[in-house]
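All chains are identified by letter, namely A, B, C and D, in their written order; residue positions are counted from 1 within each chain.
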């Protein structure tokens, strides 16, 4: 494959860079900043999951926060019941993955596409938000875990060493774990996209009919992509529940869904680096905005979204890399940018 | 039952869009490794017929048998897996992938990594696409994109190839090359070609089927078809005026 | 609004210079102090987002309390500096800002949280980071944690008087409408308890998420059930539309209402008098309390915030008073360090404050206070009856921090 | 018996409200294939327009029935000229841009009006039906909804704009052949749709009160009504409103408003799942 030459070198470079950042940051950044950075890293995993589904799978999912929330709830409910966090961690990946698979089966196999897919996923997310918000009565208990309705589930126990519930993850530990997870998801997705499976997924995004006429069942590939994305989002949800030590229906809210979309479109669809960059940038801006009262955060985020759709529809990473490529820096830049995007 | 030498058969195939009958009760038979040309004026139902054969459209009534298997209600990917390849009328390719990637996606639908790579290389050489491997297909000229699509279909190694206007937009040289290629591929696969270009048809045709208003008007050798009054009336006469 | 939560995120070195740049920009009264001269406290309140109507008066109250103490010479010879975080009604921000206040600002105490949800998110963070926490909202009771003091009114103090009073006044059949989260659910359960104990009957009970605005079919259901009065545990801006729709159907003249939450966001100033007249309330504090302490307070407060300040709410007063309780603890301990202050507060502190005598119950870390019943008339509240020095009997039934100082639970009290 | 009358009346009001909040979206969506995710915020702006005008001393009927639609309609034209027109034929990007617009408007309203619930009291008193009292304003909502639909029908049927609009819907080139500038038709249509959203926002304001974030409560419902309704703007909106409004109201009466709303949303998902061809085929043939 021609993609290989730009792949492996860049992948190794990205991995090394990621590891260096992961080890260096806690040494030079103060603890409060570290906590914030951890949340950025966790959200970047969520952004990557949509980057896969939307940017590569071409699936317009407006409800990515649904899987994030399901993962977080699955972890919280399970860990409260089990004590040890190993199985809950797995559940936080499997449950949202299965939910995505079911929803995908329901929709892809009916050949629901595009805008309708967006509206339905949004509606499903809204249903989850409403349903979880209406579980504050004392009858809504799963095992030892009350669902808590609007309040959510407070005091979610942190991850621990497998089999050792007394050895819990510290703040620093969570940062390392989240950082490693982000890196692993990034590398994993890059490798996946280079495989036959990834090639077919991109081919289906480019021309679904042609891919089917070549013998690929587009429904299955979309379903698989959607389920993988759902599972990754669920894992991010689990880490998020660890980070805040609580979980509430807000994770299913429209605001959360909008945020993920903005990260991906700002960073650039059709790349994996883009969603990560977009996520860090927008979160940083959002926190900055939250710290002052002059400009409303929604006002700024809305302007950013409109501006990007109108002026930079490709997103930052593809636009910058295209510009650099035109300036003949291609050999240095190309390895960092994985694939072409939708024009 | 279809006879063993018959690769494709349709029985009473019909397609209606609302009140409009696009294909009316077509019985069509194609032998193993036969090369058939399909002609007929615009709107005669040729593309609709192709789309039903490849499950892009579901027939209203009737039956399609391919290699002894009923594929009337199959999905497009299943039809492809059974061994039907199609080149659509408009270049139907992956515009944002390179030439090599386009062909690789096709080859890997049938083969493992190593064989697919070899097959892809072979196909690109045969179709003279080697110089273009790294180019994005969306950036190529119309004729070149036709070649890429043709290469993808060939890389599938199908038992039956459907070609919807393969020579459209090609230069005389390219058309000749295409005809050559078709004859070569025909050694291992049955082929149905839809074309308007009579010169091209003469180059390759054995048997010609004429569609008119959704029905088979006549099916015979090129010479006989050209001599047929009815065909002249509905099609050939007009075509020469165009 | 004094806002100081800007954090210099570009600083990669933990130098004093960057710390000073990002902290304590605004102390009480707008004066900046050198770090070692001040005692820091933080307020974490929703000053924007859906709960801002409740949060803003609380922020004014804490600002005012800090200013008063500073003007009177401060604490232990130091000035108090207030760090303010706007939690924006966003669940993600409560733990984040709690961590910042504890780790970065290193405050002596955190004041804030409005919903029980926000409290339960911040409480474990602050406990782990050894930072004293004051929660100043009326709530459902049951928090048992030595690191927190709850100055709000709980059901055993409120519903035990409010429900029987209303039944006595209007009749025995109650229809409850409550917000659908644990405050509403548990408060409804307490209402049921006090209703049946007094020989009454709950003829209907509906729960509404905080974003519900359409009460049309509920109003029909109420008419069908024919209660003697409504008991309302509605929360937030969206629920205000109930009062409008109720009045639009002309029901405000048919069935009277008692509410646990009306006035805590100054709702009576937003709604029209026709929509709120006659609503029966029960709180620790009303602006109309006729005591010298309250009158003096209101005079000072209006001097600072203007004569047209809408209303000093129950939650604002609890916040104001909690600062004084903490300050008293610091004075007695002779230090602002956490454990000595907790021990001093547990020694039985009792102060005369605008809402009357206010004491800390060492066993539960809740408060003993006066309870007043009032009724709205043309945006003013007429006080009808007072019940002095009510104990937090709900929490004390499940929580004894003297016996179990390490308890760290949120008990859901079986009603 | 009285109860039945009252309940049917409530159901009718629910249907009328749903139709009213959806019709502006239906026109924009049906005629322009533009998915306007800022529709809820157009309603919100209509509500604020009514409240601000009323508080400034304008008669409440003038405020809700005239000021709200005019203000939001003009605003719609501005939005069409500055944002939407660059995105025709790109349904995904239109969705994203209007989502951005939605956030922007929420932020703007929060900055200007603050995040507290503003409200005006419902005009008109109450009606007595047997033992029950209902707000007379509910009756007014039903009347307004009927009037709006009748007016739209008449405009489509009898006016030149209606003819142009219908032909633009069928085929944009045809409109050009009629000597009309399609871009002007689009601007006017977007303005009309926005104006109807503004009207609905103004009419609903006395019932629900207005907060900057209230649009979120409307937008999903309006969407599934429009999409569930199918290609015929008026008949589709009315039929979907009847279906979803009735489901919502009946389930709400039997249980709680949340379950009612969940039932409505779930019904919509199922409907869309099993009628994708009929809906997609007709709606998105050109846009897709």
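To be clear about the criterion, a residue touches a chain if its C-beta (ideal position, glycine included) is under 8 Å from a C-beta of that chain, and two chains touch if they have at least 3 such contacts.
What you see is a predicted model; the values in this text were computed from it and never measured.
Compared with chain B, the chain whose C-alpha mean position is the greatest distance off is C.
Remark: chain A and chain C have CA centroids separated by 37 Å (rounded to whole angstrom).
Separation between the centroids of chain B and chain C, computed from CA atoms only, is 76 Å. With each centre defined as the average position of its C-alpha atoms, the distance from chain C to chain D rounds to 39 Å.
Chain centres here are Cα averages; for chain A and chain D they lie 33 Å apart. Touching two or more other chains at once are residues 48, 180, 207, 209 of chain C.
In chain D, the positions touching at least two other chains are 110, 216, 256, 258.
Shown are all chain pairs that touch, namely A-B, A-C, A-D, C-D. Contacts from chain A toward chain B in the complex involve residues 1-3, 196, 199-200, 202-203, 206-207, 209-218, 340-343. By the touch rule above, chain D contacts chain C in their complex via residues 3, 6-7, 10, 13-14, 110, 114-119, 121-122, 125-126, 131-138, 206-209, 211, 213-214, 216-217, 249, 252-253, 256-258.
Residues of chain D touching chain A in their complex: 35, 83, 86-87, 91-93, 95-97, 99-108, 110-111, 216, 220, 223-224, 227, 256, 258-259, 261-262, 265-266, 268-269, 272-274, 276, 279-280, 284, 287-288.
By the touch criterion given at the top, residues 54, 56, 75-78, 80-81, 85-86, 88, 92-98, 100-101, 104-106, 108-110, 113, 133-134, 136, 138, 152, 156 of chain B touch chain A in their complex. Chain contact summary for the complex, chain A toward chain C: residues 28-33, 35-36, 39, 130, 133-134, 136-138, 146, 148-152, 154-155, 244-246, 248, 250, 284, 287-288, 290-293.
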